[in-house]
Amino acid sequence: MLNRFMQSRLRGLMVLAVILFSLPVFLSNPFHYELATQMAIIAGTVVGLNLLVGFAGQISLGHAGFFGLGAYFTGIMTGHYGWSAIPALVVGAILVGLIAWIVGRPILRLKGHYLSMATLAVGFIIAIIINNERQLTGGPDGMPVPVFDVFGWELSPFGTYSLFGIELNGSEAWYLFAAAVLLVAVWLAQNLIDSPIGRALRSVHGSEVAARVVGVNTARYKSLVFVISAVYASVMGGLYAHFQGFITPAVASFDFSIVLITMVVLGGMGSTMGVILGAVVLKLLPQILTHFQEMEAVMFGLILMLTMIFMPKGLLPTLQMAVSKRLKRRAGGQQ
Amino acid sequence: MLSEFLQYLFTGITIGATYALIALGFTLIYNASHVINFAQGEFLMIGGMTTVSLTGMGVPMPLAIVLAVLLAGVFGILLQRFAIAPAKQADVVTLIIITIGASIFIRGLAQLVWGKEYHVMPNFSRDEPIRIFGAVLNSQSLWVLGVGAVLVVALVLFFTRTLIGKAILATSMNKQAARLVGIRTQLVLMLAFMVSALLGSIAGVVVAPITFTSYDIGIMLGLKGFVAAAIGGLGSGVGAVVGGLLLGVVEAMTAGYVSSDYKDAVAFSMILVVLFFMPRGLFGAKVVERV
Amino acid sequence: MNALIEVRGLDKAFGGVHAVEGVSFSVQAGQVYSVIGPNGAGKTTLFNLISGLYTPTSGEIRLNGESTARLEPNQLAERGLCRTFQQMQICMNMTAIENVMLGRHLKLKSNLFSTLFRLPSLLRDEQACRQRAKELMEFVGCGEYLDTDASAMSYGALKRLEIARALAAEPTLILLDEPAAGLNATETAALEVLIRKIAVQGTTVMLVEHDMKLVMGISDHLLVLNYGRVLADGTPAEIRQNPDVIAAYLGG
Amino acid sequence: MLKTLLRCAGKFVAIAAAGLVMSAQAAEPIRIGSFLSVTGPASFLGDPELKTLQMYVDKINKDGGVLGRPLELVHYDDVGNASSARNFASRLIRSDQVDIIVGGSTTGATMASVPLVEQAKIPFISLAGAVVITTPVKHWVFKTPQSDRMAAERILADMKARGFTRIGLISGTGGFGSSGRTQTLEVAKNMGMEVVADETYSGSDTDMTAQLTNIRNTDGVQAILNFGFGQGPAIVTRNYAQLGIKLPFYQSHGVASDSFLKLAGKAAEGLRLPASPLLVPDSLPDSDPQKAVVQNYKSEYEARWNAKVSTFGGYAYDGLMLAVKAIEAAGTTDHEAVRKALENIHGYVGVTGEFTMGPDDHNGLDADSFRILEVQNGDWKLIN
């Protein structure tokens, strides 16, 4: 039984669901919910980025650009043009996907550091445009974003709701919503990975030559995964904008791109649960380190460096390996 | 008209020379270890800040510069020894994150030691700018160009005429083979990081009178250096210089003739265009994939 | 009868060095066709040219009468050409059977929608694909490794795994680049049996190999390269007698 | 190695959890919350602001606190990032349950937190400049610095008085410069002046010669204004001098600190800017009510931190004092009562100016609170 469970394709998803829905036990005020909601949204973004970086092995140092485009597109359409949130998210995702496809074709021919350079450039260009188009985006000081709504029904972090007879405040409702979105994002990502398309993607990472000689059109698959990860970022960016209620160009910045890729690498490239852990850790760390005042940056840099040096495979894969090694040793001892 | 053009050109070349010096540092480390060192900009900062704070304590400027450069060299060695070397089998991205962690760490230290203010460093020679056909050139720009040229020549000689330089090249081409012929590759890598740090800190010192200096000056300049190195082609010394100058001139010309709002965007678009036609930069080595 | 592969005046230069120079030959369907020659003779380069990884400096390759000049490796795979590598190209980030299932990439119809929502049609295809992959792994003799991570497998097993992957694509022409390199005598013997089985199924086999006993045993036709040029061309018996070949092999 | 690392991580998480949870306990002290850009590109704002808050909270506590209760300062560093500013605002409100917020170094950080503050119904005194913060008036949001619009008005009025109506504008692309640029363009139109050249530079640029050359070569420019903060304006000033531009030169209040003089050096000679009287406390006439306040703040700050005062620290001083005044007037920390009291502040003489708030004015200053200063012989000189 336990064995069946451990082998199950969806065990990660189940564990995640259990964690997400039991987390409220440990959350004691709306701020905690808010942090958890942001983590869920960022985690969703990183799960998408991991498809590109962890599974297909293509580096992106500009992913925040797509996140920012998604955020600003929804912000502008709902704010300036009175769209409803859902169509804004959907059209935004399609547009971002299209942009990713157009820029992805030429730059994904590049390899290694050149690819990181090109993605970095794309991210920068997007951030500069957002920063400069003041009429639309409010420029560097940012712009307010209306409350998230589903065809007239509003989900505000400040409202009160009832779900199956349980009273929820807005933060709790948003958290549940974001958790559900994350679960769907993970489910879709796992479906993708565990499929012929997913195999083709992973083969691009494992051995591009091998992939090509068995008939994988690697250029097409690289574009595909680039677009998918950009769409993930766009949707999550849109949700983030609605949740925050206010966005600035920082959501599209190079710094944020680095944060995103760091979450992937820190958590464990190619491990969906790992990158979610990475997002949680990296989102929580600054909140914890604020107690260290001026030492904050030093501590952060040191922790980042040491973790990557001693766990180059990332947090979760390293932990999993340690645990399974220990289990094996114990099993060996019993024999 | 001409004076305008010349002015933009001078501006571009000055900024470009700065980028080129930083790009050379990237190139050096890339050549030796195929690592892109995102902490390269911090060497620049260490150079500038140490010089400023030492002169502030009354140390004569030339001595302060020497000490600053040495300190940066030590940081280069420490970086290689304690951050890069222990993670030798790590992925490219992992190494990038490690160097980013290192740069945040070094910047944090600098902020603790030196505070957050910007600092001035006097020009090396006179303050009066030089006038040529109605355009003006900061005398310090000549220092940047001159020092840049000297360093480029010195690097070429270092790689072609000295045993250590040749050892670094050999290590970059084939680590295994280099080890077989008796090169201590770890030592060589450490040297490469040290030389790169020296280079970066010298750049930091010569540009400080133009840019001012502070604990976070390395972030953007470091990034621009990486951009320049990629345009020129990673691993190519000529490429680093050409890439740096090109980037600087394009920025200045865009700011002058097109739009200062979008000058950085134009610079970044240029990279995309260059890489579209030359996937390994302008002077990058053509590599045939072996299977 | 048309040749399956027809090579005319093929030339590949790296810088100034001609790795392959003026090579012409043709392979008939159903043959076991081996390319031999000393190290550096250009055998692997020839395979890289045929499988589309390199573009020729000059000359022409025709597959089933169609010029392959503008075709990518994946397009060649669509036309029934598949291969293995001297330096194995296994996806170490996957399990053994996934590597073989990858080989069936072209045989699977998948669209993004059915993938994302894991529709029953996709599951059925995957089931069948897995079944076929399992059979192939048993066919090449690494059936015991199914869900093992590729990175945990032995060298010999990986060699066979790579052949299974190539076979999964159901090629009409399979290129094997030094399949016996690094194998011990028993493994080589098993390999010989395997290649015969592949040939019997009607798949054309092109082989680069150093193991003369193996080559002479199973080849229908041999091509001998030396310094990128064709030294000799003929049946094993003819090649064995060829004075040039003897000189090249013995005299270095 | 791994084990120790894990153990460390465990300890860390424990501390973190404690830190996140503990802060919810009800407390005797009055809790003043603050989020500032103490590090990052806007640290020259946040750093003196934090220092000011810390020192005056200490001082007030030594003098017996407010309403007999001690003050407690809870502060976070938003690193100049608006998203983290918003998060910290949320943490202050929901987790730390502060009574009032004095903070927000930049307009972005402030505006990102405004929706939250409005919903949570907690008084918030911002230390950032842009006019959008209090125009239109937001129920719970106040601010201490003069708006960038006032700065633009003051500068352009001075230009006009000197007979210049055609302006060359150069501004930073950051929040401060960008908002200042927008205001300048609007004010110029209202005052019948014309912006004939309009250039920008980004915060990390190291040379603005190209932009300045463009302005110089524009026909009919009579005066040049730079709206920006950080080291950028100092570089602009030096490039300006190098290019030998002889036109009258104005900077914004964004550089109103002594460190700007140090950076720009001789190049700053003759330029004018609007600033708080903090930079020239001794030149103020004795009749000026601000004189004593300003002199006090300056000497206390410089004695405590061994660093020069800046205008920005003054914003925090006024913010804190306004908060204290309001709480004292309200006699309670009840949010609505404090807010009302803030709105009723009348004639409070601060470092930045004389504040008179009202239901439709949550800034309480007018453009005249800016003094026009000129750099003469390497020091500030009060012009009017």
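Order of writing sets the chain letters: A, B, C and D. Residues in each chain are counted from 1.
Heads up, the rule we're going with is that a contact is a pair of C-beta atoms (placed from the backbone, for glycine too) under 8 Å apart; a residue touches a chain by one contact, two chains touch by 3 or more.
Predicted, not measured: the structure shown is a model, and the values here were computed from it.
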item: Shared interface partners, meaning chains that touch chain B and chain C; value: A
item: Central chain of the complex, centres being mean CA coordinates; value: A
item: Farthest chain relative to chain D (centres taken as mean CA coordinates); value: C
item: Between A-C and A-B, the pair with more C-beta contacts; value: A-B
item: Distance from the mean Cα position of chain B to that of chain A, given in whole angstrom; value: 33
item: Separation of mean Cα positions, chain D and chain C [Å, integer]; value: 71
item: Whole-Å gap separating chain A and chain C, where each centre is the average of the chain's CA atoms; value: 41
item: Mean-CA-position distance for chain D and chain B (Å); value: 35
item: Contacts with 2+ other chains: residues of chain B; value: 111, 261, 264, 289, 291
item: Per-residue overlap in chain D, given as positions that touch at least 2 other chains; value: 39, 173
item: Of all residues in chain A, the ones touching two or more other chains; value: 132, 209, 294, 296-297, 306, 310
item: Partner chain A, residues of chain D touching it in the complex; value: 1-2, 5, 12, 15-16, 19-21, 24, 39, 76-77, 81-84, 86-88, 90-91, 93-95, 107-108, 111-116, 119, 130, 132, 173-175, 178-179, 182
item: Of chain A, residues touching chain B in the complex; value: 53, 59, 103, 106-107, 109-114, 116-118, 120-122, 124-125, 128-129, 132, 209, 254, 258, 261-262, 264-266, 269, 294-306, 308-310, 312
item: Chain D-touching residues of chain A, taken from the complex the two chains share; value: 28-32, 34-35, 38, 131-132, 134, 139-142, 144, 157-158, 244-248, 250-251, 255, 284, 286-288, 290-291, 293-294, 296-297, 306-307, 310-311, 318, 322
item: Residues on chain B engaged by chain A in the complex (per definition of touch); value: 30, 36, 83, 86-87, 89-94, 96-98, 100-109, 111-112, 223, 226-227, 230, 234, 261-262, 264-265, 268-269, 271-272, 275-276, 279-281, 289, 291
item: Touching residues (chain side chain D, partner chain B) in the complex; value: 39-41, 43-44, 47, 173, 199-202, 204, 206-207, 209-211, 213-214, 217, 230-231, 234-235, 242-244, 259, 262-263, 265-266
